[in-house]
Amino acid sequence: MSAATDTVVPEAPVITAAGYWTGVLKRFSRDPVAVTCAVIVLLLILSAVFAPYLGLDDPYKASMIKRLKPIGYPGFPLGTDEQGRDMLSRLIYGGRLTLFVGLVPVVLAFFIGSAFGLVAGYAGGRINALIMRTVDVFFAFPSVLLAIAISSALGAGIVNSLVSLTIVFIPPIARVAESATASVRALDYIDAARASGGGALTIIRVHIIGNVLGPIFVYATSLTSVCMILAAGLSFLGIGVRPPEPEWGLMLNTLRTAIYVNPWVAALPGLMIFITSLCLNLLSDGLRSAMNVKD
Amino acid sequence: MFTYLVRRLIYVLPVAIGVSIICFLLVHIAPGDPLTAIMPVDATAEEQAAMRSAYGLDKPLPVQYAIWIGKAAMGDLGKSIATGRPVADEVFAAVRNSLLLAFSASVIAFPIGLFLGFLAGYFRDTIFDRLVTAIAITGVSVPNYWLGIVLVIIFSVQLGWLPSMGAGPGGSGEWTWDYAHVRHLILPAVTLAVVPIGIVARTVRALVGDIFSMDFVQALYAKGLRHSDVLRHVVRNAAPTALSVMGLQLGYLLGGSILIETVFNWPGSGFLLSNAIFQRDLPLLQGTILILSLFFVGMNLIVDVAQAAIDPRIKRS
Amino acid sequence: MSKTEAESGQQDRGGPGQPLIIAKDLKKHFPVRSGLFSRRSATVRAVDGVSFDVMKGETLGIVGESGCGKSTTARLLIGLIELDEGGIIFDGDSLGGDIGLKELRRGVQMVFQDSYASLNPRLTIVDSVAFGPKIQGLDKPAERARDLLARVGLDPDRFAQRYPHELSGGQRQRVNIARALAMEPRLVILDEAVSALDKSVEAQVLNLLNDLRREFGLTYVFISHDLNVVRYISDRVLVMYLGEVVEIGPSEAIYAKQAHPYTASLFAAMPSMDPDNRTEEPPLAGDPPNPIDPPSGCRFHTRCRFAEDVCAARKPALSIIGGEEAHLAACHIHEPGSGHSLANREAAQ
Amino acid sequence: AGTLRVGMTAADIPLTTGQTDQGGEGMRFMGYTVYDSLIEWDLTSADKASVLIPGLATEWSVDPDDQTKWTLKIREGVTFHDGSPFTAQDAVWNFEKLLNPESEQYDPRQSAQGKSRIPAVASYKALDDYTLEITTKTPDATLPYQLAWILMSSKANWEAKDKNWEEVAKDPSGTGPWKLTGFVPRERAELVPNTAYWDETRIPKLDKMILMPLPEPSARTAALLSGQVDWIEAPAPDTIPALTGNGFEIVSNAYPHNWTWHLSRLDGSPWNDIRVRKAANLAIDREGLKQLLGGLAVPAKGFLPPTSQWFGNPTFDVKYDPEAAKALLAEAGYGPDKPLKVKALISPSGSGQMLPLPMNEYVQQSLAEVGIEVEFMVVEWNQMINLWRAGAADPSVDGSQSINFTYFIQDPFTGLIRHLSCDLIAPNGTNWGHYCDEEMQDLFNQIKTTFDPEAQDAVLRKTHEKFVNEALFLMVTHDVAPRAMSPKVDGFVQAQNWYQNFSGITIGD
Amino acid sequence: MTGTPLVEFNGLKVKFKGERTVHAINGLSLSMQAGETLGLLGESGSGKSVTLKTLLRLLPPRRSEIEGEVRVNGTDITTLSGRALSAYRGGEVSMVFQEPALALDPVYTIGDQIAETVMRHKGVGRFAAMEVALDMLNRVRIPSPERRLKNFPHEMSGGMRQRAMIALALACRPKLLLADEPTTALDATVQIQILLLLRELQREFGMGVIFVTHDIGVAVEVSDRIAVMYAGNIVETGTTRDVIKNPRHPYTRGLLAANLHGAVKDERLDAIPGSPPALEEPPSACSFAPRCAFARPQCLAGLPPVTDLGAGHSVACVLEQPAFS
């Protein structure tokens, strides 16, 4: 035990052992913009989830005599749409679908793309070539074009929108996952783990996922706003969510002609898309700097 | 350089084939009959069958693909079901208009994006940086189809300054560079420019910021170079990446303008595409997507090669 | 301890006379992409016919310039990369025949140069150390890990739950050593394990390595480019140049007299510690050649001041130097009858 | 004088070679403008339903002995835009173009549009330059209505264009009051007056008419408001206040178009009960719906618009009477505790469908108030057409008991027969609901065999009375074909028809 | 000692603000004469690079606070700005960086980069500047210099890049050359070449050199005098011979022992325990005391006084105070 005697380290103030995520959270909480956006997004999500319990009007209940009432009309704080439905209620319920269609594909793509990327990045060689060349093919389409192409092929509908957007976002996530994995794969601690006799799956699980998921996650969050705008765009084109569901893009579309009668009400869904995607973007930026991941 | 070019070209081939397969399959996974749109609603079953075989839709898929791709390679993308005109003519005419729009949007977006991004990267972590970042994030967050509508309301309907739709007075098809035509270009181009302004500004900001934090910048100052000289070095370092970002954005503009073209009735590829979708015009849909994505592939290729050509760091052999 | 030793199959079998590990004619060529149409895609001859053995309990130092294949040799020894040619015999068992990679890796562990890159940033250090034992199904991996942390001078109560970025470089390298020892290896390969450390910390770690060797009866392969360090820690030294062994022998012998001109240059390139007697002439000019297209014959002939035609024409074999069996060098000068003008003089001496 | 710029709802310039596509709008702008048919619709009056008048044929009659044989007198002195004369041989050539795949001039595209319009025609021949004989398969008194579909393009021009229809498309030639001088696909078509037109009253007063496809309603409105066009078809109802407020005029008129739910009459369909059908018809407040449509609708009083010459005097008054509806439903065995559940096929969009979603939702709510619960099956328009063709019994309709469709109901066949004739049960025809009724079939036969127009009208009225009295459809509303135009546009008379006459229009400054 | 010293630090303090505060330099005083080579020796983080960057005014102005005086040839360079600053940088003082691969602009050729400096400082045309560049490449003994002029940095080996960097630094004949560990990234056989080259060029150009390293052997090879840094201050300075043969500060002694030159195999090394302080606070006592085997209570009482041992040899340690000896 003699070695220990001269190596007992007189340490400067002991840094409290904190997990990586605690640090991220701490840095994040110091960013007022990101926190504000997080709160807004959270509110949107909460209001979407709990919409039925908010005591709102039925978002489907139309009234022909109360069509296109302006903002502030008694009983309809945000006015009514072209069928006399309560805009407030529809916007909140609309957030439900919009966020659903905007976020779910990214979540799905996150899992699927990460899986592809991890396998490709870890395995290398032929498997990598097979996966990544396929990804390249999908990459050869501008994302908007690909989403529209697939959606129009599948036809309108929520499920189809989810499918097409998921397909659109798998390749970029897979790419990021692949390169993150490949760079982690090249680090010595992976070799050390292999030298300890760890199998591929164990190493991926213990040593790789934890280190690549962060960057992939940050990247994925930066896609959420793109996805939401795109999803709403599909509905706007008439190949996304079907009426009469309240969905911001679709509402924007159906309210387009009302813009001459009541421009403010007609602008609301677009404004909601804008605000939400702005918050998602800022949130993602905040998260990125909190996690200190480079572009 | 030459071998690099050839290798890059050879690499593009399988991608292009993959793209064509996807284009081809896309329209075949769709439910419903592609001929629906053009047949009179009360056409009989025989009439439908006759029409189907006239369009070659009764053959097995691989055969259809082989025929389609074979002809496509010769520049024949078939005939539009809806209009009977050659798809290639339709698509190229439309792509020309889209290119016009995309280039105009680039001409607006790139200088602004570059300028803002460079300044923000230079004045990193200052108020100015925050401002630019805010502009950039707004740019990428705004749903541009909505912005287009808003701009139409303001500038066409309310103020009456600019036309709301079309590519020329009276829907003129021949583009000329006169005021009457350029007026039509302004609103869609500005709308389309918003996103790339954001993206270019953000990328360039990060790029310039990174370059400024690199060791060699210190070394440049240590050499006694003036500020302007150092800026020249930074620009030269940022140029390849910035160019490639802009090249990609141009590709995206071309392929991604469908929503804007719909809003502004701009007779471009996106507008054509949305018509093709609406009418389920199979050959037209296939052709448009194929041409657009191949254009995008080509754009990527050009960007890569150009980047390799101007960036000495990329090994060219 | 005996139970776990039995578990991991770490007992000595061949007796002290049998080398712990024998590397026979190791070869590793990495393909590198070159021109599109060139049929022969170029290869980096990273390791090109390296043979040596390591006796039980000894420390073999490997020195050589950057890119000469030291790390590749190390990775071959532990099976992290596949051999192109050659064989490895671990305590009498040949890899691929008698034992598999799994068994080999229980007996051989490695410590890497970059102390930061060799620890998973998302695992606490105790988890990092315990990972290997857990995989191998050894019992109480966490406890074992804490013991080892204590053993390398890191108080487990204070350090066990920390993350790598909360440690200094020296402390991280201690963790890496603990991690290697957790597998109860018999051979530890230290690939530039102390090179990145500050001098003062380097000394601490060297002391620790010496203590551990004694305590656990370890055998080391110690890779470094610092000749002072190698001399301090090694029993024998192996000198590599462009993927080949140019000289191998007991460290005292080599430090006393370098047989190969390259070894001599390497030693001469060491800064002198005497202000009154500073180096006046660089022993070598230019940079080491590219291993993609190594020179023919003796790979050193392009930089060697004794080079003659024969050196470019024929590859010299390792031959015994000064009658001492253990000291070998691959140089025509020391190969009687090689045709080199100095060879005869050498023989005559 | 002046140039009229029109924003169409179509996405493309209609087929220019003769028989047009793009539905009624195609015929309106590219059919009856550039071309003529043998028999045409009278488009001069806004007040009464339009009737057939001589076109390229000056008179027509059926052989009293052989009621399948028709003789048409061809108008003399008519020339195509290319200068070649129009003769009976040209008419034959045009029939061949549509009906005979063996003929050189057969054009599948035109055929696809025209063939199904003249199901009665068996053969045709030119007896001399100005006499045409048409033989029908069976006696069919609706032949004149069918012939009103068929547009005559120039053989000489086709030959001059190397017998290539694609070339013809670029520079077509008809006998109509307008000449097509050029077009850019999907962007514009330019028409100029045919000063040599045979009907001097219909020689256009404008210098030029430009057609622009503007499928998006708000784009059309914006274009009109920003002065890029002078005239738009089908302005969105919500934009009308903005348009009128800015001094634009809205022109509309009833025309043969209806918006209905076509009911399934398969076994087990609740709609087989006349009380249920009547109840549903009484449940809808059509005036309220009219409001939703910005006043641009004619509430249905029957299957045909109230102004139709074939409306008749039905005894069942289609009106809003929820109490009566509830009573009828109660009688039929439904009530608050036992609501009637029905499934209805609708689509969110579609040409001529008006505002299908809000309207259907309105209907849904109205029905719910009397105790009919409607579950929608929403499919895309193209899919809808397929399902409409497939019929109510097809598995793909998934048990839906009605389909929401708007019908072009201009002539006896399209207006009445095709929906309910036993021999046209889907998928062999367009009788979606599988309705088959002896009495009705008998009426249809009478229509076909009554060659005296007056007598035929009487039968048609009787038929329509039966449509209404038995509430065979859920009759909701009629479109009024609104169009908005700048105050500069003068002299337009909107006929009660799908087609319009643009000749009288002038445009001021 | 004659005339004004070439470089004179007087109570230099550098503090970094930002996410965490670092007191990188804490009252450093040091002077060197023209034509002299000073080896600046110290562990990682001891402030060697910061000292050099202060000399070139390269520290980020918004995040660093500089106190004290730095005189080069008598001018206080902390007040320089604009034209004077850029004439000073590169003209009077220039620097060789640790990683030539990072310190050269990757998208300009070596020739361009050297010529650029020459044009800036000597006001000559491009052609003449290229001539100078070629001459410099010759002087640093780069083989086939004409070809290398047109090379980009990534096309050269590490040793060659460092030679080019040196050529660049010397192109304008500065009076003071700063070298920040210029050989750590290089192989031993290349390192010695560079060291000897620097020594030779120093003699030839007659300039002063501050050579930063953590390797004592390297310092011995090139320097006339050595200054040992610890935690942002100089703990010992003297002629190379004095410092090597007669080290007085416990830290210097520890470093020498840790160099292993002449260490006997299997014998325990006299390692300095622990690791350097974090410098979050300005030191109020001897920074080395926590690791010092000879630490006394006085060491923790206040900053250690500097004792002049004569012949330019001075030590900052209480043990050297006459009271102790």
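Letters A, B, C, D and E mark the chains in the order given here, with residues in each chain numbered from 1 onward.
By definition in this document, a contact is a pair of C-beta atoms (placed from the backbone, for glycine too) under 8 Å apart; a residue touches a chain by one contact, two chains touch by 3 or more.
This is a predicted model, so every value here is computed, not measured.
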**Item:** Shortest path length from chain A to chain D (each step joins two touching chains)
**Value:** 1
**Fill in**
Going from chain D to chain E via touching chains takes a minimum number of steps equal to 2
**Asked** Between chain A and chain C, what is the separation of their C-alpha centroids in Å?
**Response** 48
**Complete:** Between the Cα centroids of chain C and chain E the separation in whole angstrom comes to 33
**Request:** Express in whole angstrom the distance between the two chain centres, defined as the mean CA positions of chain B and chain E.
**Result:** 53
**Request:** Send over the residues of chain B in touch with two or more other chains.
**Result:** 31-32, 149, 157, 262, 278
**Message:** Can you pull out the residues of chain E that are in contact with at least two other chains?
**Reply:** 271, 273, 275
**Request:** Find every residue in chain C that makes contact with two or more other chains and list them.
**Result:** 171, 204, 207, 210
**chain C residues touching chain A - in the complex, by the definition given at the top** = 75, 78-80, 102, 105-106, 108-110, 112-114, 117-124, 128, 131-132, 135-136, 150-155, 158, 161-163, 166, 171, 174, 176, 179-180, 183, 204, 207-208, 210-212
**Residues on chain D engaged by chain A in the complex (per definition of touch)** = 216-218, 221, 225, 236-239, 241-243, 288-289, 291-292, 348-349, 357-358, 361-362, 365, 378, 380, 383
**Prompt:** In their complex, what parts of chain E are in touch with chain B?
**Reply:** 53, 56, 58, 86-91, 94-95, 97, 99, 102-108, 116-117, 120-121, 152, 154, 168, 172
**Complete:** In their shared complex, chain A is touched by residues of chain B numbered 14-16, 18-19, 22-23, 26-27, 29-32, 133, 137-138, 140-143, 145-147, 149-150, 153, 157, 206, 251-252, 254-256, 258-259, 262, 273-274, 277-278, 285, 289, 292-293, 296-297, 300
**Item:** Touch list for chain B against partner chain D, complex
**Value:** 31-33, 36-45, 47, 50-51, 54, 82-85, 90, 93-94, 149, 152, 156-157, 160, 162-167, 169-174, 262-265, 267, 271-272, 275, 278-280
